[in-house]
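The data blocks that follow each hold one structure.
The two complexes that follow have chain A in common; it is paired with chain B in the first and with chain C in the second.
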Partner chain A sequence: MATSQDSKLAKRLALLVVEAGEQGVAELKPALEKILAGRSAKDRKAFLKDFHKAAVREIQKETLTVESAQSLSPEVLSQLVIKFSEGRERPLQVVQKTNPELIAGMKVRLGDTVYDASLANNLQNLANSIR
Partner chain B sequence: MLDTILLLASSAPVHESTGDTGLLASFVELLNNFGVEPKLIIAQIINFILVAFLLWKFAFKPVMATLDERQRKNSEGLQFAEESKTQLEETEKRQAEVLREANTKAQDILHEARDSASEFEDKMKGETATQIEEMRKRAEDSNELERKKMLTEVRQEVARLVVMTSGKVLQRELGNDEKLRLDKAAAEEISQLN
Partner chain C sequence: MSSILEQIEKEITALKPGVSKTNTGVITAVADGVAKAEGLSQVMYNEMVEFPHGITGIALNLEEDEVGIVCLGDANLLKQGDEVKTTGRLLSVPVGRVMLGRVVDAIGQPVDGKGPIDATEHYPIEKIAPGIIPRKSVDQPLQTGIMAIDSMIPIGRGQRELIIGDRQTGKTTIAIDTIINQAKINRQGLASGDESFRPVYSIYVAIGQKNSTIARTINALEKAGALEYTIIVVAAAAENAANLFLAPFAGTAMGEWFMQNGMDALIIYDDLTKQAAAYRQISLVLKRPAGREAYPGDVFYLPSRLLERSARLNPDNGNGSLTALPIIETQAGDVAAYIPTNVISITDGQIFLETDLFNQGIRPAVSVGLSVSRVGSAAQIKATKQVAGRVKLELAAYRELAAFAQFGSDLDARTRRQLDRGSRTVELFKQPAYSPKAVEIQVALLWAMQNDHFDDIEVEDIVSAASSLEDYLSTGKQDLLGKILSQKKLDESIEAELTEAVTAWRSTFKSA
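And then the complex of A and B:
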């Protein structure tokens, strides 16, 4: 079972890999082999699990997911990217998804934060206020 | 007998010159005529006294003693009966008194029991009324809770249906221009939130 030190090491490694980008991915394999050498299979599995979670979290922090009922116009999309890129050193990766159930408007996710300005969400809030 | 003696005296001849001695002799003669012997008389007197003494000694005295004993026993019996009567009267008096006291105590106990029963009845009535009131209140609360729950469920269901229907209608009825306008408004809203 991974200790708290292993969890911290996995998080730091994931952060370094994401920040380094392509170069980080290239250097990841020898670094992992060095870290995992001499560990049991169970500890390796636990460490890799922590690393995966941390890497996904770090990638999500750098990824702007925009979900809308229909394809957004480049104008609207660039407005959102500019707004969310403010104060960041590295450019955001933008992922666009289409979900007709939103009816209109959009839902934006960056890291753990979700902004929902869809018409479906507004209707749901209205329904919740009636209860 | 005196009449006979007087008759004989009157028929006998008078001896004027003899005096008292003559009278005694006449009397003795008269007794002899009747066959009375002084010796026999004395002997009979002695016999009589002897018989009387013996009777007194061996018959009359024991009989009297027996009679006295019986009399004493009768007196004692009467006294005992009197004492028994007195004791019986006292016992009856005491019994009557005890009965009166017992009756009084029984009356007191009966009154106390009635009072206690009345108090208990009042208390039970009060408790029963309180319990009924609590049960009624609980039932009312339960009904109210159930009603509110039902209303909430109805509201939720209505809201869900309204939202679902509205969503479907909007999906069908909204044009591209309106959707673009809503997209822009949403982007503005999210930009302001960030």
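And then the complex of A and C:
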């Protein structure tokens, strides 16, 4: 059974790896081997699960997911990255997705915050106000 | 049709396309009406969140990586991986006069099939209770119409009086009687055109009851013409624990609207034991640490934050009031159990109902010794004080004497007289369900008892004698009853008229 200390360690490690970027990934394997040495299989699994969860969360915080009805030009994407990277130490990674259901406009996700400027969302708000 | 199109056109014209910012999360687990979600890093405690399929929930547990959310709809429709969004709002319910006569669920949605409720105002279900400054001491009576209560354990507007007892001892009946009596008084008062008359609106919160029981209660209120002054909030036994937990808060918000708008309201929580059990269920599913009887540590805070919102406000704050009659079910008469002691310590008194008395046919089965109203006679009209001032002590002394009298037959005259009077008073206080008595009738009956007019009637005939005297007074002596009601005290002339009326009635009444 992973203790809360193990869980904290997994989170801290995930944060360090994401912050360090490629260098962090290179140093991850020996670090994990050192931490997991002498632990039971169950504890290793729990630790890695916590680490994975925390890493995904940290990566999402550094990733700008842009959804739009049609693919956006690189200029628009770079403008978005510049705008959302304001006040951050490192520029954000950008992932583009197309979703025709948005009709027009776009939906941007950064971490667990979603900015929805799609036509589909505006129409839904209109429908809610009439209902 | 054209008006609908016009409205749609108007909405489209007014539409300002913009960017909406929401904090989102993903469901990681759903069980027992509680969803666990990851993300939602900006969610607030008690904030409403939105799930797919129009289901809402309330964020109750904010942990480092997870949020525990109680679902207010059908949690079976949710699955792992579904998105959940914050709304930035606290759970609110519709309030106002439009709610009167309606049956709603824990979130204020109608369940009576009478169509949507056109409410213009909404109140959050959780609100900070009025502080010390806007409050005023309780001094106006709230008549339950039950003689044993109005004379011995008076309830005032703004008071919190607990109704406590085992199952099947008549707790709900007392509550329903009180609502019916308010409706009767409201009808009379509003018809009289008296501008100073303040009607009392009722809110009945049914928590964890069978639907058949709720239907019976609604039927009783409808039959008595009390539904038009009443809001019924229903969280039936089959509903999820979150609804049972929230229904009392929703009812309180509805009652608060009346209080804050200068009106008087009465709220009945039937019963808070089931709310506490629902809260325990939610807390255990949320993996909160369990304490005594597996209740979470903050279960004490649950009834207190509910009942503290009942108050009498001073004239500067509208002079409104919210009176609370919480109900608690005990197990085998144990008033010292965890939840009963919690609620007893919060309320301003309790009406304790005893199974033994109920089984002996003494109904309402009010235990004189264990029942108390901490507001006391401040919430009684002078006429009631004049005739009922000694009754509680007399009755308590009678119970003690009656226990001793079983062991011997040689009793002195004084003791015998006390026993006779006590047994007659017990009979006089017997009252069938759903038939509250007006205060002037109560005064007249108690006056007759105190002035020995029932002394030559056999004990077993007291109930029929009281009923006969009530009929006699309400049909032939309305002027006298009107005087008692308007003057609110018994002066020499009224007492003379009462003597004359009761003597005249006595000559017509014959024991069976």
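Going forward, the second predicted complex is superposed on the first by the 129 of 131 C-alpha atoms of A that agree within 3 Å, B and C clash if a C-alpha of one lies under 4 Å from a C-alpha of the other, contacts with A are read in each partner's own complex, and residues count from 1 in each chain.
By our rule, a contact is a pair of C-beta atoms (placed from the backbone, for glycine too) under 8 Å apart; a residue touches a chain by one contact, two chains touch by 3 or more.
Everything numeric in this text was worked out from a predicted model, so none of it was measured.
S.K.: Kindly say whether there is room for both chain B and chain C on chain A in the superposition, answering fit or clash.
M.R.: clash
S.K.: Could you look at A:L16 and tell me whether it touches chain B, chain C, both or neither (first, second, both, neither)?
M.R.: Neither: A:L16 stays clear of chain B and chain C.
S.K.: Pick one for A:A69: touches chain B only (first), chain C only (second), both, or neither.
M.R.: Touch status of A:A69: first partner only.
S.K.: Would you check which partner chain A:L126 touches, where first means chain B only, second means chain C only, and both and neither mean what they say?
M.R.: Once the two structures are laid over each other on A, A:L126 reaches both partners.
S.K.: Is A:P100 in contact with chain B, with chain C, with both, or with neither (first, second, both, neither)?
M.R.: first
S.K.: Quick check on the superposed pair: does A:I59 touch chain B, chain C, both, or neither? Answer first, second, both or neither.
M.R.: neither
S.K.: Would you check which partner chain A:A117 touches, where first means chain B only, second means chain C only, and both and neither mean what they say?
M.R.: A:A117 contacts both chain B and chain C.
S.K.: A:V81 contacts which: chain B (first), chain C (second), both, neither?
M.R.: neither
S.K.: Identify which of chain B and chain C touches the larger number of residues of chain A.
M.R.: Greater contact footprint in residues on chain A: B.
S.K.: Chain C has the stretches 5-13, 221-229 or 347-355; which one runs into chain B?
M.R.: 221-229
S.K.: Which chain A residues are contacted by chain C in one complex and by chain B in the other?
M.R.: 115, 117, 119, 126, 130.
S.K.: For chain C, which residues are in contact with chain A within the complex?
M.R.: Contact set of chain C toward chain A: 7-8, 11-12, 15, 17-25, 38-42, 65, 85.
S.K.: List the residues on chain A that touch chain C in their complex, please.
M.R.: Touch residues, chain A against chain C: 53, 57, 109, 111-117, 119, 121-122, 125-126, 129-130.
S.K.: Report the residues of chain B in contact with chain A in the complex, numbered from low to high.
M.R.: 152, 155-156, 158-160, 162-163, 166-167, 170-171, 174, 176, 178-180, 182-187, 189-191, 193-194
S.K.: Touching chain B in the complex: which residues of chain A?
M.R.: 68-70, 72-73, 76, 79-80, 83-84, 100-101, 103-106, 108, 115, 117-120, 123-124, 126-128, 130-131
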